[in-house]
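Letters A, B, C and D mark the chains as written, and numbering starts fresh at 1 in each.
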Amino acid sequence: MDRGRLEAFSDGVFAVAITLLALNLAVKGPGNGTLAHQLGHMWPGYVAYVISFFTIGIIWVNHHSLVSNVVVVTRLLLFLNLVLLLFVVLIPVATATVADYLQAGGFDAKLAVALYGIVLTGMSAGFGGIAEWSLRPGRTLVPVPPDKRWAARLRFMSGGLVYLLVTGCAFLSATVALGLSGLVAVYYVFERTPAAGRIGGTAETDGPAGPAGPAGPPGSQDG
Amino acid sequence: MDRGRLEAFSDGVFAVAITLLALNLAVKGPGNGTLAHQLGHMWPGYVAYVISFFTIGIIWVNHHSLVSNVVVVTRLLLFLNLVLLLFVVLIPVATATVADYLQAGGFDAKLAVALYGIVLTGMSAGFGGIAEWSLRPGRTLVPVPPDKRWAARLRFMSGGLVYLLVTGCAFLSATVALGLSGLVAVYYVFERTPAAGRIGGTAETDGPAGPAGPAGPPGSQDG
Amino acid sequence: MDRGRLEAFSDGVFAVAITLLALNLAVKGPGNGTLAHQLGHMWPGYVAYVISFFTIGIIWVNHHSLVSNVVVVTRLLLFLNLVLLLFVVLIPVATATVADYLQAGGFDAKLAVALYGIVLTGMSAGFGGIAEWSLRPGRTLVPVPPDKRWAARLRFMSGGLVYLLVTGCAFLSATVALGLSGLVAVYYVFERTPAAGRIGGTAETDGPAGPAGPAGPPGSQDG
Amino acid sequence: MDRGRLEAFSDGVFAVAITLLALNLAVKGPGNGTLAHQLGHMWPGYVAYVISFFTIGIIWVNHHSLVSNVVVVTRLLLFLNLVLLLFVVLIPVATATVADYLQAGGFDAKLAVALYGIVLTGMSAGFGGIAEWSLRPGRTLVPVPPDKRWAARLRFMSGGLVYLLVTGCAFLSATVALGLSGLVAVYYVFERTPAAGRIGGTAETDGPAGPAGPAGPPGSQDG
């Protein structure tokens, strides 16, 4: 198993999942009230769409940073990657549930956002599994030194902890919990060197990714 | 982050979005009037399908021209690319809304086409963000000389301005506005050297894209 | 524009279109008669699914044979490729219409199969456009000699003529016309050297496609 | 035809099919009972989702192991690959049918799981066809010695036999048969060297898949 096909398959899943998100925003067509009225009542759908879109986008960026540093693809890595994708693929459905139930209010709205939090927590756990796997010696191009492993762990575990907080917080206030998951996305968009990017030292923000094949070691090969 | 995976993910999103467009043309099945009658009433769907199909196709071509010239992939570029894709992914839903409401007429038809214009304006803005990013020194293989930057800006901003015009024009006449967005697609299909293609000087129309890896600098590496 | 990304985007569209075909076979769920009864009435769906699946599969194979021989990617080629994909993407919808209306009988069944024939004819025309483009000197690795161009044209035009026949024949008998489109697929599966495969002399059936990059000229580079 | 595009197309189909699985878990929205009640009644959907997700994931891993060892891509291989994909693409629909009918009980539940078994048996047969094809001399990088061919055959046929057992067993107990198909997935996740992985001797679990192009013969080229 080479890394390129792991990336190609994962990219396909990320691409389909992120595109399916938009289907939740379809209106019902004529005969269901004016279009303006329908659109006005869909605001939870827009908010949830944007949050989920950037959440999947960011996890894709971090997935790539992590995988591009991997030198050996084992069956365990493939299994951990499937666990990550199992939850990524659930994001469009969880997003649709939030969009449908947030305005209904009551326990249904809280449960919908809690479900969303569980799916994102599962995604984080899958990602954490891959990151943990990559910390072992000989698995990445630029290994993480033993004394920096706990720092790396803290970084990739913190996202999962926030999503766990989203899940719990949802039972207090669905809107606040959804906003919190949005803040995670905003944080990662503006954070210059993400947790995953620094694991193994991939200096993705300043190194040139040359267009020609034999450029340099990290990330020089297209998938 | 290497350019290849940015292209692979974007290609996946473009491919799924362009394929989902056709789903809007599904008929309702037996028991909803004769098939001929159903098909006859779907003409706004066919028109919107063809316009959206070529619009996505052209933005894909221009996206590639632009990205193939990039030598360094930063987090900011990835974020700008996500903004572009955020709107690309909305095109199938906006197209379906136009198809559903154009024949209804009245304010709903106008609002549907205005929405379509907003989505295309957003897409243009996302593309313009990437193009603007690429104008800075050291980011592209063949840099744009400082004295030609405003000319390049004008070229990639003009598409967005037309889509803004589509949005405003929709409130006067939904059909005229939709036709205008179709003219943009026709223009870009026949325009030999598109705005994006000339940024950085990628001579895509006359240079051979060799099949072997070590061919030449621009566009010589498959994604 | 390099050939690899043209292939990657087209492959994505082919893959999504071929996968969406299966969605037509979904049953309605409990409360719509026994499952056995529902499945028994869906036989036109199974037949149409298998025909469309292999039709898309074969056009994908031929598309690759043709494109792998191309040495220069022009805007015109990209436009012709979009015309091909415009019709490929309609196949799942046309297949669903056949599956829904074939048992209804009468004019609706005939019209449904005629529509299917039109979509396949359009696909053939798009493919023929690419093939015609590739006949010009300097566009393919192994050019077609001038005296063999008409033979090549006849080969890639014959598929389109049969689909035109399917369209006309549908108004006489929907079932016979559908069967005829199935025969085209069967013919191309068993035909050892397809029309497209021989254009430009790509000897795809006997030449080894080496796994390493610098293997040989035709088809040695992965997309 | 080169191997890379065979992989890219197949990866696309696998990725779309695995993502569509999750759509079966969508809830009906407000006005259909409490969300908690709806979610509680969907447990067959969750179970079927997880089983199908890992089943597709595993067949993807095995498909890659097998194909990465192939040195010559013939039309017959492409046809056998299409047969495999024909059934892979049916998995989301078969999974939805199981999810819908398992709780209904009676013959419908049994028939739904039997259908699921038939689709998985077909997928296994398609995979077995590719594996059988690869046993012939000159088709793989590391050929299987003649005296080990029957051992290889037994390994890739055993999966199909279990799925045939699932199909038959479904008429006795739908739940037990579904559980059996889940055990196959669990078995392949934990099985260190799968049937397909060992055909042709691809030592995928211990060999480094180098990130640079000119690494080594098996699996050194990204798709």
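Side notes on the structure shown:
Keep in mind that, in the parts below, a residue touches a chain if its C-beta (ideal position, glycine included) is under 8 Å from a C-beta of that chain, and two chains touch if they have at least 3 such contacts.
Quick caveat, the model's predicted, so the values are computed rather than measured.
Of all residue numbers used at the contact between chain A and chain B, under half are used by both chains, marking a mostly different-residue interface. Think of chain C turning onto chain D: fitted on CA atoms, that turn is 90 degrees, to the nearest 5.
With chains reduced to the mean position of their C-alpha atoms, the one farthest from chain B is D.
Centres computed as Cα averages put chain B at a distance of 25 Å from chain C. The distance from the centre of chain B to the centre of chain D, with each centre set as the mean of the Cα atoms, comes to 36 Å.
Residues of chain A in contact with at least two other chains: 7-8, 11-12, 15-16, 20, 68, 213, 219-223.
Those residues of chain A that touch chain D in the complex are listed here as 1-5, 7-9, 11-13, 15-17, 20, 68, 70-75, 78-79, 82, 85-86, 89-90, 92-93, 96-97, 100-101, 104, 107-108, 111-112, 115, 141, 213-214, 217-223. Every residue of chain D that touches chain A in the complex is listed here, in rising order: 7-8, 11-12, 14-16, 18-23, 25-27, 29-30, 34-36, 39, 50, 53-54, 57, 60-61, 64-65, 68, 189, 192, 194, 204-205, 207-213, 219-223.
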